[in-house]
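The letters A, B, C and D name the chains in turn, as written, and every chain counts its residues from 1.
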Amino acid sequence: MNKLKIAWARAQDLLSGDQSADRVVPPSGYTSSLTSFVAGAMAFLSVFALALSLATGRLAERWSNELANTSTVRISAPEGQAAEQAKIALEILKVTPGISSARLMTQEEQRRLLAPWFGDQLPMENLPIPSLIEILEDSQGPDVQGLKLRLAAEVPGAVLDDHTRWRRPFVTAASRLRLLGLISIVLIFVSMAAMITLAAQSALSANDQVIKVLRLIGAKNSYIVKAFVRRFTIRALLGSTFGTLFAMLFILFLPRVAEEGAFLTGLGFRGWHWILPMFVPFLAALIAFVATRIAAKHTLQGPS
Amino acid sequence: MIELKKAGFSYGDGAILADVNVHLAKGSFHFLTGPSGSGKSTFLKLCYQALMPSAGTVKVLGKDVRAMTQDDIAMVRRRIGVVHQDCQFLDHLSLAENVLMPSQVSGRDVRDDLTNFNQLMDWVDLMDRINALPAELSGGERQRAALARALILSPDVILADEPTGNVDWAMGKRLLGLLIELNKMGKTVVVATHDMNLIREAKSEVPARVLRIQNNSLLVSGADL
Amino acid sequence: MNKLKIAWARAQDLLSGDQSADRVVPPSGYTSSLTSFVAGAMAFLSVFALALSLATGRLAERWSNELANTSTVRISAPEGQAAEQAKIALEILKVTPGISSARLMTQEEQRRLLAPWFGDQLPMENLPIPSLIEILEDSQGPDVQGLKLRLAAEVPGAVLDDHTRWRRPFVTAASRLRLLGLISIVLIFVSMAAMITLAAQSALSANDQVIKVLRLIGAKNSYIVKAFVRRFTIRALLGSTFGTLFAMLFILFLPRVAEEGAFLTGLGFRGWHWILPMFVPFLAALIAFVATRIAAKHTLQGPS
Amino acid sequence: MIELKKAGFSYGDGAILADVNVHLAKGSFHFLTGPSGSGKSTFLKLCYQALMPSAGTVKVLGKDVRAMTQDDIAMVRRRIGVVHQDCQFLDHLSLAENVLMPSQVSGRDVRDDLTNFNQLMDWVDLMDRINALPAELSGGERQRAALARALILSPDVILADEPTGNVDWAMGKRLLGLLIELNKMGKTVVVATHDMNLIREAKSEVPARVLRIQNNSLLVSGADL
């Protein structure tokens, strides 16, 4: 609690901070523009990767939905037993984990299903067509092998036909792409952190003389640290804000061209996802804050 | 104010200073001389804690320097005005901002020091250069600015390393006059210099002692050189 | 020709270059480690993006292949005319652009096709089952609307069933992901170029005094430029080589875990694709070379 | 060797130097004096093309400086040894490497200059410091190193800005002796200094002329100060 208060006071201090202290850090110089730029570029890349990852996520989700209702259980039984066996099968399916619902298809539905091969004039009534149970799997899907065994034991006429199997890889592929997108984001953030740290250190070492002079005239370490940390945090915040905004604009205007790919519904953010990229600048600023603080304290540890 | 007892210092290989015993009392005026490379700057750095003694003790304003934290050192330096031999400045700030910097970093209201600032600038004859950047100053101007910065907080102790090396004789006498003036107000002054004329000049006005570094040890002489 | 010779001589000079000149540039310092690191991190990211993009490309290709043979033409005609109409349809299909082959399915094949719904005991002979023509589309696919019209006119009993339509978006989505991957690579390279340029400039400005001293003692501009360019090109080359190798190792060891997604067959490079990432370090070095050269010449333009 | 005709210079606002006419002939020895901030360093910078004249002409080694390319300037500087008032070095290289740097950048075989190097190091008494980094040298040691660097290529012209500001009198006389020696070998020497004793000392040995900068103009005096 107390620590939190101190941290808060420190943050306020940092933002309102006495302007004069800022003047002691040389205002521009390439190293500081480098910091801003690194923060900006990495923010841009991470927002882009975030958008990619979210879009792939949506893709995976959509595909899962599309593919969710294609398993069937076919029951071929002598005239009288079909209904009875279907009932038993439905009960088994209802308690099977991985299946969210199961229901008997109507003749009309079955006709539509077969239309591609037989046209819609097929005389269903005269054919020995089996009953079909449509299964909605949930995202994991059932244990197919176990279910097959159980059905074989209790409903001799039942055959499980797992149409989704060949489609599942699409979903897996999409989820993996999403995972790789997330990995990219993590990699980008790690690189950003390392680069901001190095930029802060290089700025500190470039401002070696500034630090020497300040110490010579009686500046406390906390004063020096604050001046540098403030400067760098603001730089990283500004740089990454620009990078984020730029990336969001870029994404907003990029995908119109190729919109036809209906499945990947544009690269843009959807709904509350628009909030996610807003965190990027704060994360960058936080990294800069911590990195500069550590680098400055380290630099100031020695004597003189 | 500053007291060295059996103090020694070495940068690694051989000792630069050994067995130094000296007391720079309040209100005293000392010159520090010795051949180039003998250890004058090193001695002054021991006095303002840019270096820590390798042996013996150094007490500054009554405190043993070894027991000081970095913040303690910062506080001490606000009461010690230092003219470094290289006169380092913040290159991106004007002369005025540089001279007033000690006031700023110690958290004072800079306006309180403006009178002092004006007087000092007049004395060192830099009033018309206060907006120049350090790189736009001549060697002697930089040296005078460094002296002004050392004096801006009216420190109790003034340590000046070669403050007149780059100025002409007239200006040198003028700067010396300022230091003598301050010494008469009770400030402790130490000036490292090679200029024997300067020492002679001072001796005619204040009872200055001369510290001479030779063969790694500090010799104190009262009246003569 | 002559220009090429000069460029080549210059490159040789640069690599063999008299070692002594190098000594004038301060050996390390944070700004130069920053350059190496920036080059390394960006190389890592671009190799990663390259791998992602290539993997997505493979995915798209594979899906296209998987989906290539699922169009059918169904011919429902009175007993006698079926064979005749099928022949006409086949001829039409043969000359339709976008179709690579078309053939009549045997009864056995049709039975297998229907097995999921009817089991394999379906008495095909007794049923009014239409003839089916299997169509292999090429990558573009035929003009479906035109083909339908033509079939309707010449083969009254023929119905074109374009199963691939609902699968095509998968392929489109995959190609778009590949495109986005390529865009990421371009973005990463642009950022890398900008960052290396800034790092070079910040190093030059940090070494302002070095340049001043060198000029004071009579160094020619070309000497100074060469020293800095050499240093920075080598730094970028080393950094990005490490980054590239690291990324390749990372990719080699990453995907084993999730290998089950058979469609996205691992993130790794395949065959000659392994050569592609090797270009990254050279590109980075080239960028560093050009950036430092420009920055150095610019810095040295002024007097003194 | 160096000839200024109606040369003037201004950093922007007011003129620092105006209507300067002087010829620094081959084999001549000049002292340059004047109050701090009068323009001594500026004058020397005009002589080695760190600054270009705002008015009039400056000819160095027979060439008008305005017509020089940057490579020309580099070539000229190999024949002019300069001791800069700030004595700047490459901070990451040892004293020896720094002193030999002019030999290296001009593409000579450094081994050819080792004899000269040894003699110079002996003369300026830095033989036991040749492996030190510039930051590990005292103020006077740096100044002597800068002089040695200026002389390593046996230049035709030597421009020294305050080369004895940080050394003691004995060392100052020694450095002056070196410059007089070189002058007697036919080199052109210009020394900016505030030290009147040094000038007096030199005049007893060589027919040195004194250039005095006052109120933006250069006054030449033959024998007296």
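Just so we're on the same page, contacts are C-beta pairs under 8 Å (C-beta built on N, C-alpha and C of every residue); 3 or more make two chains touch, one makes a residue touch a chain.
This structure is a prediction, so every number in the text was calculated from the model and none was measured.
**Q** Any chance you could name the chains that touch chain B and chain C both?
**A** Looking at chain C and chain B together, the chains touching each of them are A, D.
**Q** Averaging each chain's C-alpha atoms to get its centre, pick out the one most distant from chain A.
**A** Checked the centroid distances; the maximum from chain A is D.
**Q** Using Cα averages as centroids, what's the distance between chain B and chain D in whole Å?
**A** Centre-to-centre distance between chain B and chain D: 29 Å.
**Q** Averaged over CA atoms, how far is the centre of chain A from the centre of chain D? Could you give it in whole Å?
**A** Using C-alpha averages as centres, the distance is 67 Å.
**Q** Measuring centre to centre with CA averages, how many angstrom lie between chain A and chain B?
**A** Going by mean C-alpha positions, chain A sits 62 Å from chain B.
**Q** Report, in whole Å, the distance between the mean C-alpha point of chain C and the mean C-alpha point of chain D.
**A** The mean C-alpha positions of chain C and chain D differ by 62 Å.
**Q** For chain D, what residues touch not just one other chain but two or more?
**A** none
**Q** Is the chain-to-chain touch network here best called a line, a ring, a star, complete, or other?
**A** ring
**Q** Judged by the touch rule stated earlier, which pairs of chains are there in contact?
**A** Pairs flagged as touching, ordered by label: A-B, A-C, B-D, C-D.
**Q** Considering the complex alone, what residue numbers of chain A touch chain B?
**A** 20-21, 23-24, 26-27, 209-210, 212-223, 300, 303-304
**Q** In the complex, go through chain B and note every residue touching chain D.
**A** 11, 33-37, 40-41, 85-86, 129, 136-141, 144, 161-162, 165-172, 194, 196-197
**Q** Along chain C, where are the residues that touch chain A in the complex?
**A** Interface residues on the chain C side: 29-31, 33-34, 37-38, 41-42, 44-45, 48-49, 52, 56, 59, 63, 72, 74, 76, 110, 113-114, 116-119, 121-123, 127-130, 132, 159, 161, 163, 169-170, 172-173, 175-177, 179-180, 183-184, 187-188, 191, 194-195, 198-199, 201-202, 204-206, 254, 258, 260-264, 267.
**Q** Could you pull out which chain B residues touch chain A in their complex?
**A** The touching residues are 48-52, 70-71, 74-78, 82, 84, 88-93, 97, 101-102, 104-106, 110, 149.
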